[in-house]
Amino acid sequence: MSALLIAVPLLIAFLFVPLKNKIKYILPFVALFSLILILKLPIEQVNFLGGWKAPFGITLVLDNSSYYSLIVVNIIFFLLSLIPQIIEKDLSLIFLILMASINGLILTGDLFNSFVFLEITSVAAYILSSSKRNYYGAFKYLILGSIAGAFYLLGTLYSYIGTGSLNLADISKNINSEFLAVVPILIFIGLAVETKIFPLAGWVPDVYASGSALTPAILATGVTFSMMYLFGRIFITVFHGEFLNVVYIFGLITVVVAELSALKQDNLLRALSFSSIAQAGLFLSVISMNSYESLTAGYFHLLNDITAKFVLFIIAASIGKSFIKNKTTGIAFSIASFSLIGFPLFAGFRSKLLILKTAFLNQNYILPIILLFATIIEIAYVLRWNIKLWYPDNILPQEKEKTQKLSWNVNLILLIVALVIIVIGFYPDIYLKIAQNIASGLTNYRAYVTNVLGGM
Amino acid sequence: MVYYISFILIGIGIYGFLTQKNLFKHLISLTIIDTAINIFIISLGYISGEEAPIYSKYTPIANFVDPLPQALVLTAIVIGVGILALGVSLLIKVYEKYGTLDVEEIVAKEGK
Amino acid sequence: MIPISYLVLVFLFGSVVSYLITKANRIVGAIFNFLLTFYALFVLWNLEIGHTEKLFSILEGVENTFKVSSLGKYFSIISLIVISLVSFFIIEWIRKKPSRPAAFNAFVLIMSAGIIGVFFSNDLLTLYIFWEIAVLGSFLIVPMGKEDSKKAAVIYVVTSAIGSYMYLFATFSIYNKYGILEFDQVSRFLLNEPSNLFKWFIILFIASAGIAKSGIFPLHTWLRITHGNAPDAFSAILSGQLVKMGSYVLAISLSVFPSTKLLASFYSGVPLLNYILIWLGNISIIIGTFMAIRQNDMKQLIAYSSVANGGYILVGLGVMNSIGYAGGLFHVFNHAIAAAMIFLSFAAVVYRTGTTKIDEMGGLIWKMPWTFVTYLVGIISLAGIPPTSGFISKWMIFNALLTKGMFVTLTITFIGSVGSFLYVFRPLAGVFLGQLKKKHYEVKEVSPVMLIPMLVLTLLTLFIGVYPKPVLDFIVSIENSLGIKPIEYSGTIIKTSLGQWDTLTVFTMFAVGFIIALVLYIIFPRGKKVELTDQYTGGEYLFNYDLYHYATGFYRFLERLYDKHPSFEKLYGMLVSFFKSMGEIINELFYKVSPSGYVFWISIVILILFWVRW
Amino acid sequence: MRRFLSALIVLGLIMFFISTLPLIPEFGKASLSKVSRAFIDKDVNGNGGNIQYGVSKDLENGAANVVTSIVVDYRSFDTLGEVTVLFTSALGVGIILSGYKRKKFGREPNFILRVSVGILLPLILLFGAYVFIHGHLTPGGGFPGGTIIAAGILLLYLSNEEFDLSKTVKFVEGISGSLYVIVGLLGLAVSGVFLINFLPTGVVGNLFSSGIVPIIYILIGFKVGAELSGIVAELHREG
């Protein structure tokens, strides 16, 4: 049944090619359908596509972690589909394909299949990022993404040679240490571009800051989340945490470097995209501690980050120079940015505490220092932007006239998400439960292998 | 030997990226890398003396090379084609916007 | 009795109510704010010491609680006195506030909620949470001020964050090591802690939040720009109250975690750590005093004086003997009240004249006599001249330093005291005395609504100056609860090992002197009143009389001595621009490159990984 | 300098790849993995093995071309994704180049071109159709077949200025793609498994054999042909 999550959006996309303009109004229904479908699906179910059992055919694995990741991603898509204003005319089909591919990316239990879905996601992302005439940025992203894809493919093949199988569970069971010295490097390069690791995140500012609201709103939330999920799945479930010490260092460097770069940006979207890079780096270094607690903390933080970024990017791309005419929007923006920098009462604070606690528990004192240092820089620029937008300098009257009010549905959704941020600040259990489930699904690789390959 | 050829082709592709300033040449380099990897994959599955994996009158007994890499390469090639088409169309637009495909000139024009 | 947690919630929800009311009518909103804060003061006054409330539990094994301690109650009452009186002042002041009065009122309440929470927190994490709420509320108000205030707000938050993150780091170190965060338990564990390094680290890092907040060197630079540019009435809260939150954390890190018992004595019973902190206080006194002398903006001037006074408090607390600690705590009260008075009188002046530059004013004593009185009493208290309460605390600190034999510190504090005469006199002479400017001929005294809080504060200072028993009672109970030998006093007489001080006698003497001076003033003929331009020099009439304003080059002879002083503000500016240019370089190298660059970095990463693995 | 440095880096990279060579089997000496073995013997479900061309029947998969059996049956989901990539990039080319008009040469195409297209086109199309219809028996299949058809369409574009297929292309690509998914969904409806081969597989080597494999390959042929033609048509425009 879980194949429907991929098949239905694809089918709709194929069917509606000749009727591109009508499709915008179907998006919410498709997203809602996926969401309901997921909630109806039983957990711990392995779907052998075509009836071929693992490791021969392709499997779709629905366990704790993928189930909750799917819920997160589809909620994001549902929310985005309710804001048709930011989906430019032709991009609705891309939206559907992205939905299918991300669902596939999360569900798949096959390394090569994940490569295919990675490529679909990337191609859709290239197209998204070319909106607003950002062709050069999109081209750079395309080159970088394709090279990374090539390395991912190489990694796939090496693991095929090493284990004789493409099934993640089978690889996890059979891979030996010789191959573990090579395959993770290749896969790491392949995923580093999408997970925004320094120094391969050069595409991010150009693409996120193209001015389109949809591009960063999808790429920084849903796509990032699924990529991080895939990263965890491959590096923790399949490679048993091998290679994570390198990821840890790269993650920390990413945090520092990205925050420093963000400091000088005079474009809000660019600053936010650097913050996005930094948070991704933080997430990766947190999960690199490779324990149930650290994964929980990491995914909890990631959830908070994407919730905040969802609000921030949409507002940053659609608001003009100030919040003068859009006070409610401004409030949502401020709430999201306070959560981003981890003020108490907001969701980000809880994840910051959790990360600190986990790091200290693992006798890791560098990560907290880097985290706090990065947060100080982040406070500087995020709050500077808040102040700039709330208390604009000398806005001319005609500019004031020109700024448009955002329509009610955008404001409503942004406010709801902002409310979620506050609620999570008080009762983090909802997000925490998601994060814990993802963490338990990812860390317990024995259960994963047994689940896919049958009792062995 | 074929392995070395594909590695050298990857190297050529990377070298093209590192030294060339024309975006179209970058796209060509990308294609070279893709092709090199495809060659590498195919050669990984080659078993000398054995046949293409198709049952026919002439090959009734299954002495076949590894068919899986070939299937994977088929997929990889198609993906490569798709990306190439997308890249070319992006370059058309880049040329329209900047009037050049030279990286340095584009950067100079972006700065303005 | 009303629980504190309800009070905090009332403030948080009250902020929304206040926002809505102020939207409808800003004066009613301000009255609402005043009533709420005054009510809170009333509630806090009646709190029993030892009252505990459970709040929530964020970290396993740590129950976050409120607990009323003498220290917290003392600080909270001072804070709420300041806040409620300033809120009363705001009722009139807000009429002229051009933009966003609703947000202003709402944020004041959010900030107050945080402040109340800070003073009653029973563990490190609760304190941190409410601390950040207070910072959040106050940070949002700062950019409503003058042109530089946006930059000021960012500097304020960043400085605060530096301190509070060090604090958070220490908090988690404690939690990781002991699994508890309550102050009592932490201090008990610290007493059994074998590692001296850990104790140092904990106390220093927890104190750093206080250092950042109360503007102690080396994190003092934010005070000038923030106090100077925040909305006028809010500067009174900022300097009179928020800075005291820092002193509170300093008091906790030094006395609740008994630093003298934890660490070995370094110099006559004072551990090295305290000694270092005392020296930070000394440097703050010097910097605050000398920089205040230079300022032409009256708010920035008093901002620097806040740095100096923060230094006094730290010196007093750092000595950690009976009289020094008491002096530090007393000085908290004095400076809170005095700074509030001074900033309120400035706010009143700005309310009428619209400027904060000293050399644009003059002679306002004729137009705003009551404001002048407030300012006068405020600066007398700040400078520590006897009939006011300011003298008592300084006297106690001097006493403590003398008994400990810290003569260098003593010298510095004396210099600071003398310096404070110099700098408080500058606005006095420049703003209130001297020639009235033509454009200020129409200026009137502010309305009673604004005068009442100012005069209440004035009377409070004088009253405590004569009869310090209420404050001393508090201080004794604090010292008792912390296991420090309480100070001795009876009635109006304070006793130390070096002698005693009778406030009543001194007040009587000063009162007699004042009356004599008043009589002389009335008896003797007045000086001739002249127009500002009615003077000449060298046979030429003066037209450009700005040059001859009192404030222009007021202390030129002094300033010349340290014209080329090293400036930490510049240093931090350099640090920021260093970070920025680092970011720029990184950006150019990694994020703005062409496809060639990307491939280069991919290759480099592979090569690095290759090198690492083999 | 730049070239020298680049060469150095490239050398390092090649060294990296060479250093991985001990891990992989020597060229020509690869051994079949268990997965490939099972695919060749059609033995995934444990009832295959020892297949004889033209004789063995009702196997789990009836395609004589093992690669096809992998691409369209064992790993059909990959192929669905692959088609989607192509679909997406065709869509993307359309989106990026939207607003462009058909390129005009401004003069009649060459006589030879026009006439030979008339002769060659049916042959090309027929060949393409042959290739994808026999995809499960001979080398080739939907992807090459579709590409051949797209080459024919390219000829049409070159020979006729007024020729425009974009509407049809969209229609064909949409319908064939949907049918692919629907075939998969039919499997879901029939046996509860997405993309299952629910038709009888027949005798290995017969044209009508191996269940849904030829059907899907034909659909893929149409789809790839339409998509590549679409890309060709889009790239044949100008601003």
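The chains carry the letters A, B, C and D, assigned in the order they are written, with residues numbered from 1 in each.
Definition applied: contacts are C-beta pairs under 8 Å (C-beta built on N, C-alpha and C of every residue); 3 or more make two chains touch, one makes a residue touch a chain.
This one's a predicted model, so the numbers in the text were calculated from it and none came from an experiment.
Student: Is the C-beta contact count larger for A-D or for B-C?
Tutor: A-D
Student: Could you name the chain whose CA centroid falls nearest to the centroid of all protein CA atoms?
Tutor: A
Student: Between chain A and chain D, what is the gap in Å from one C-alpha centre to the other?
Tutor: Each chain's C-alpha centroid was found; their separation is 31 Å.
Student: Please work out the Cα centroid separation of chain B and chain C, and write it as a whole number of Å.
Tutor: 67
Student: How big is the gap, in whole Å, between where the Cα atoms of chain B centre and where those of chain D centre?
Tutor: 17
Student: Please compute the C-alpha centroid of chain A, do the same for chain B, then give the distance between them in whole Å.
Tutor: Computed from C-alpha means, the inter-chain centre distance equals 28 Å.
Student: Residues of chain D that contact two or more other chains, please.
Tutor: 9-10, 13, 24-25, 33, 35-36, 39, 75, 78, 81-82, 85, 88-89, 92, 96, in rising order.
Student: Where in chain A do residues touch at least two different other chains?
Tutor: Within chain A, the residues that touch at least two other chains are 112, 116, 119, 123, 126-127, 130, 135, 139, 143, 147, 160-161, 166, 182.
Student: Of all residues in chain B, which are in touch with two or more distinct other chains?
Tutor: Within chain B, residues 14, 17-19, 23, 26, 44, 68, 75, 79, 82-83, 86, 90, 93, 106 contact more than one other chain.
Student: What graph shape do the protein chains here make by touch: line, ring, star, complete or other?
Tutor: Topology of the interface graph: complete, with all chain pairs in contact.
Student: Given the complex with chain D, which residues does chain A contribute to the contact?
Tutor: 1, 3-4, 7, 10-11, 13-18, 47-53, 55-58, 90-91, 93-94, 97, 100-101, 104, 110, 112-113, 116-117, 119-120, 123-124, 126-127, 130, 135, 158, 160-162, 164-166, 178-179, 182
Student: Using the touch definition up top, name the residues of chain B that touch chain D in the complex.
Tutor: Interface residues on the chain B side: 1-4, 7-8, 10-12, 14-15, 18-19, 43-49, 52-57, 59-60, 62, 64-68, 70-71, 74-75, 77-79, 81-83, 85-86, 88-90, 92-93, 96.
Student: For chain D, which residues are in contact with chain A within the complex?
Tutor: 20, 23-25, 33-36, 38-39, 44-45, 73-78, 80-82, 84-85, 87-89, 91-92, 94-96, 98, 167, 170-171, 173-175, 177-178, 180-182, 184-185, 187-188, 191, 193-197
Student: Given the complex with chain B, which residues does chain D contribute to the contact?
Tutor: Interface residues on chain D, with respect to chain B: 2-3, 5-7, 9-11, 13-14, 17-18, 21, 24-25, 27-33, 35-36, 39-41, 51-54, 64-67, 70-71, 75, 78-79, 81-83, 85-86, 88-90, 92-93, 96-97, 137-139, 143, 204-205, 224, 228, 231, 234-235, 239.
Student: Can you list the chain A residues touching chain C in their complex?
Tutor: Touch list, chain A to chain C: 139-140, 143-144, 147-148, 151, 181-182, 185, 188-189, 192, 198-205, 246, 257, 260-264, 274, 338, 343-345, 349-350, 353, 356-357, 360-361, 368-369, 372, 375-377, 379-380, 383-384, 387-388, 390-391.
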